[in-house]
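Chain lettering (A, B, C, D, E and F) follows the sequence in which the chains are written, and residue indices restart at 1 in each chain.
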């Protein structure tokens, strides 16, 4: 067996390993921290790429931890959705931390930089683990790592808002974890399995005997993951947490972390609980309405925000609604759109947060009303912001367009044109709050701090350019990811 | 807590508790217990020691440098064993399959990687708990760097 | 008739697009080069479009498939007689406007933004006319709408920004409606190509939604009645050459889109039997009357012209609603006529505003004596607008009226007459005041101005003469093109 | 025989939990919580799970309590 | 108002969970679904496959060692988080 | 009715863990004191652990410390193993949450959620 055969495990373990090493590096070889983090993330990216290639050419495969086959051991199931998610995580995580190398010393105290890299690697590893794992309890463990790490990269910033937001986030996600664990207990109780594949095989038979157990477990799962994914009524923690955090944290939290819980939910709903269950419980209908509310209300709240990062945070609530809309509609195209939106939104929201971070870095201004003319003085970040905003609205030749295309198509497929209209209305709302910013940025006279911004490091500019180019490239050539996503969807729906 | 009785008793009791903690860690694969409980017991004893004297005495026993090495080291041992298994040509975290000697069941040195991993976890838990306690009690973190 | 593959359509779209970047690069160094390049680009584009003429006139269709985005979804180009007519018209007007801009814009700020945008909107506009499927059309449509925002707010005044915001939001609404329509079409037909048979077989509820969506999407651009609100704000605030393009050409992309939708997506049979055209007709009538009536009340010259555009777009919509052959000819010919007339008017207005700095109609008394040439051109176009023979405006209205009679609805003829009357009511006073009115400026001494530079006059002159020429000649090129195009569309469009 | 003990312990747990919620003195609440954890450990021993009983006794009753006390000493004692 | 909401919410959850409890497999019944081939193999094969006597130790450090690695990571995250929070000034 | 009671008696562990879960949840939701919230979270977590451990119990089973050749019945070891992880997770979250509380106290001088909200609100308004 070559080393390549172990890549599923190594993709997760290598970041973990170097995360353990990072405090020591921070102590003795401070300058190596950033480089190591980059190298490790690059490794995860290429290894995800390799896995994706392998999955695309020879189909999904499994990796047994310690050689123990399920149901006894823990299994990694490398399928299309998993590699897609892994690629998204490492593909977005890498540029974000590249940006962070220059931005973080600006936002954080010197002493905690090493910890930041540690936490970042742990966060990445846990997300990759969630993407790849095929075991319910292992999922829970990764969810916990992810929850603590994502709180920590907020509270690491020395400001009382950050600490408060992190605490709120932590408490709510602890409630979520509790619900998740109870759900796991209920499921384990009636099936005796933890592995997704075995659960899926056992559940239909069990359903007749213990229907309430399964329903309660399903409800708890939805609540548990819903809290963490900021699904509409459970989103209260998000705006504070995402807006007060350092910019790279905001980017990765909004772009990846909430999405990964959505991926977990997709896995559970479509792989573990077969469609028949979904039909029995009004889960899908509930998801649909919750996501609709999320989309509309999230956008409404975003319109009235004054703080640029807060506005982006509320917009994330709306955007996660798209993902769940796709999940709830459950038609091939809709699910495809939802999954695709995970990637697209990760890219554009990360870019938007980083661009906002660049504004704050150079000018110290956070208020939308004071960002007039920023496009004149800082054309590249403002241009990136403009592209991101266009993608949010779903203008063609940006990647956001394709998410909406498939979601709307899927809504029609599912015979629910109403939800296609929801997608459109929300695009309009997106336009209402994003476009004035761009207009003000480019067509107003710069004043105050905006008129004389500080110099933006080339690395930060470069990251924004790369992400902006990504939004356009994936807008022009959606087929680059669509092959993977479409296969993932087919596998999930059993087509 | 500068009470002489407390000090005296804890001076007697702490070594035993530490010994018990070590025992629990090392016999984790034979009897109830293991890295987590043993490490926690060990940590509790250290904290007790620190509490009954004063904090700086406890700090001397386990400097931040050492504790940080131990934290990372414990986890690195664990992950290292897993990676070693990969190097030995089996799946990550393989034990018997990787060819680690299992020994005679029931002996202290048995179970191959299990033994090492338990030990690593024990170190990790103990040092983590101690560090957490100190960082909470110290509050102002000037001493860590 | 045969379908040929040629790279030329792509070239027509790509060339200005690439030149945009060249201009953007060049303008950092030399303004003269920038202006020259912009004009040259417009000229080359026009000539490239003209180069398509032999094939088109032979009745062939030129296609080019760029690349496939997704299964059944591609970027493709397709030039038939209708595309060609509009493309040649647009690039012609664009060329003239580019020449006009050189002198008009020389005193304006932000020219480095203006020229690249001018050229890239040309590219998008060509893209719209040459799109081979609804998706490509949508992409270029959105691109044009969004980029022309920059033209609208060019002056960056508070009014301009306000109007621009309205325009932007309406554009987004329109874009989303189009998106919805295209999604439904794709869902029902599995493709959005315009080269095959019509995409909807029967009038279903979903089809109706699609029709309404398209109507909103394209109607928005065309200044159709309830969605026209952005137009009277946006057109006047733009610099005059941009207004000329916005009113003269870009409005027509909406009409073009509707034509494509009616004939290729739904098909003429479906339109006739479903009775959806009635909606269009009602809206068209309201648009005509409303546009003309409100124009009378406007004091601002460019605002009056903008409202007049709404009324004129109503004719075009009416032609589509009637759907007889002669109505269709009138419809397409009116696209030509209105482009010439309205461009002349806006360019002339621009010249006046540039020279006098006055926009209010009341202040323009006697201007005809100081700028006789400009005002003469204005008069020609205005008379054409009213529909006085022998101008082209008369010809299009006449054909339209004949078409209405063919359809057996003389009511429409009455509408046309009433609206011509209204047109007269708001254009004639300007002309009369300009030539015979007293000069009562706000300043104490009378205005002393002379004619605009010749680079501005020549385009105005060419356009004004076209207004006359294409009405006067018994057989003229635009009318022939319209006739062939109408025939082509009625035969099924492929 | 076990039922009585079992119910006693369970009721004690509930009583502890309620008491934690009711007590205004945080230090007292922490002590009650330590008792709660210990009872929990006993219950788990009863359920033949000595491993977690030990762990809960050490981590839940021991370390968590110490951490809570440390936190209270850094903040304030009354609710 | 908020209190009432919380009480109603908790009452609903309690009711739902208690009805679920009534439906659950009987406590301690050897015929429960959990007592399937999974614990059976753990109990029977632990000595042969891992060489230890404590089945739980065998599970946490061998069969499901990856969970435990995650668990150690949780501890690591906790300490990184706590230290970074407390030292961040 | 008696059926229900009998069933509750049989599943008394489950029942009580649900009760504890609700109490913990309630403490967490309604108490403003942050440390109380954390204790409530711990109660909630331990109640789930109790539930999990109860799942693993088998009547007459022994603790899964093997005695080769003895032929005992053992309890299900898997839930125990999982809960071990769970306990550590709970402790970790508690530790981090407490460090946040200490930090919050340093910033706001209070550990009362409502007061913190008030302080923040007063600051932004």
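Simple rule for what comes next: a contact is a pair of C-beta atoms (placed from the backbone, for glycine too) under 8 Å apart; a residue touches a chain by one contact, two chains touch by 3 or more.
Quick caveat: nothing in here was measured; it's all calculated off a predicted structure.
With contact taken as defined at the outset, subunit A and subunit E are each touched by B, F.
Separation of subunit B from subunit F in touch steps, taking the shortest path, is 1.
Using CA-based centroids throughout, the chain positioned farthest away from subunit D is C. With respect to subunit B, maximal separation of chain centres occurs for C (centres as means of Cα atoms).
One finds 28 Å separating the Cα centroids of subunit A and subunit F.
As a whole-number value, the distance joining the C-alpha centres of subunit A and subunit C reads 44 Å. One simple way to say how far apart two chains are is to compare their mean CA positions; for subunit D and subunit E this gives 19 Å. Centres computed as Cα averages put subunit A at a distance of 37 Å from subunit D. Across the assembly, subunit A contributes 13, 16, 20, 23, 65-66, 111, 137, 141, 144, 148, 151-152, 155, 163, 166, 188-189 as residues in contact with two or more other chains.
Shared contact sites, meaning residues of subunit E that touch two or more other chains, fall at 17, 24, 32, 34-35, 38, 42, 47, 53-54, 56-57, 60, 62, 64-71, 73-79, 81-83, 85-87, 89. Multi-chain contact residues of subunit B (touching two or more other chains): 30-32, 34, 36, 71, 75, 79, 82, 92-93, 95, 105-106, 125, 129, 132, 135-136, 139, 141, 144-145.
Contact residues on subunit B toward subunit A in their complex (touch as defined above): 65, 68-69, 71-72, 75-76, 79-80, 82-83, 85-86, 89-95, 97, 141, 144-145. Contacts from subunit E toward subunit A in the complex involve residues 16-17, 19-20, 23-25, 32-38, 41-42, 62-67, 69-71, 73-74, 76-78, 80-81, 83-85, 87-89. If you check the complex, the residues on subunit A that touch subunit F are 137, 141, 144, 147-148, 151-152, 155, 160-161, 163-164, 166-167, 170-171, 174-175, 177-178, 181-182, 185, 188-189. The residues of subunit D lying in touch with subunit B in their complex are 50-51, 53-55, 57-59, 62-63, 66-67, 70-71, 73-74. Here subunit B touches subunit D in the complex through residues 24, 32-34, 36-37, 40-41, 43-44, 47, 129, 132-133, 136-137, 139, going by the rule given at the top.
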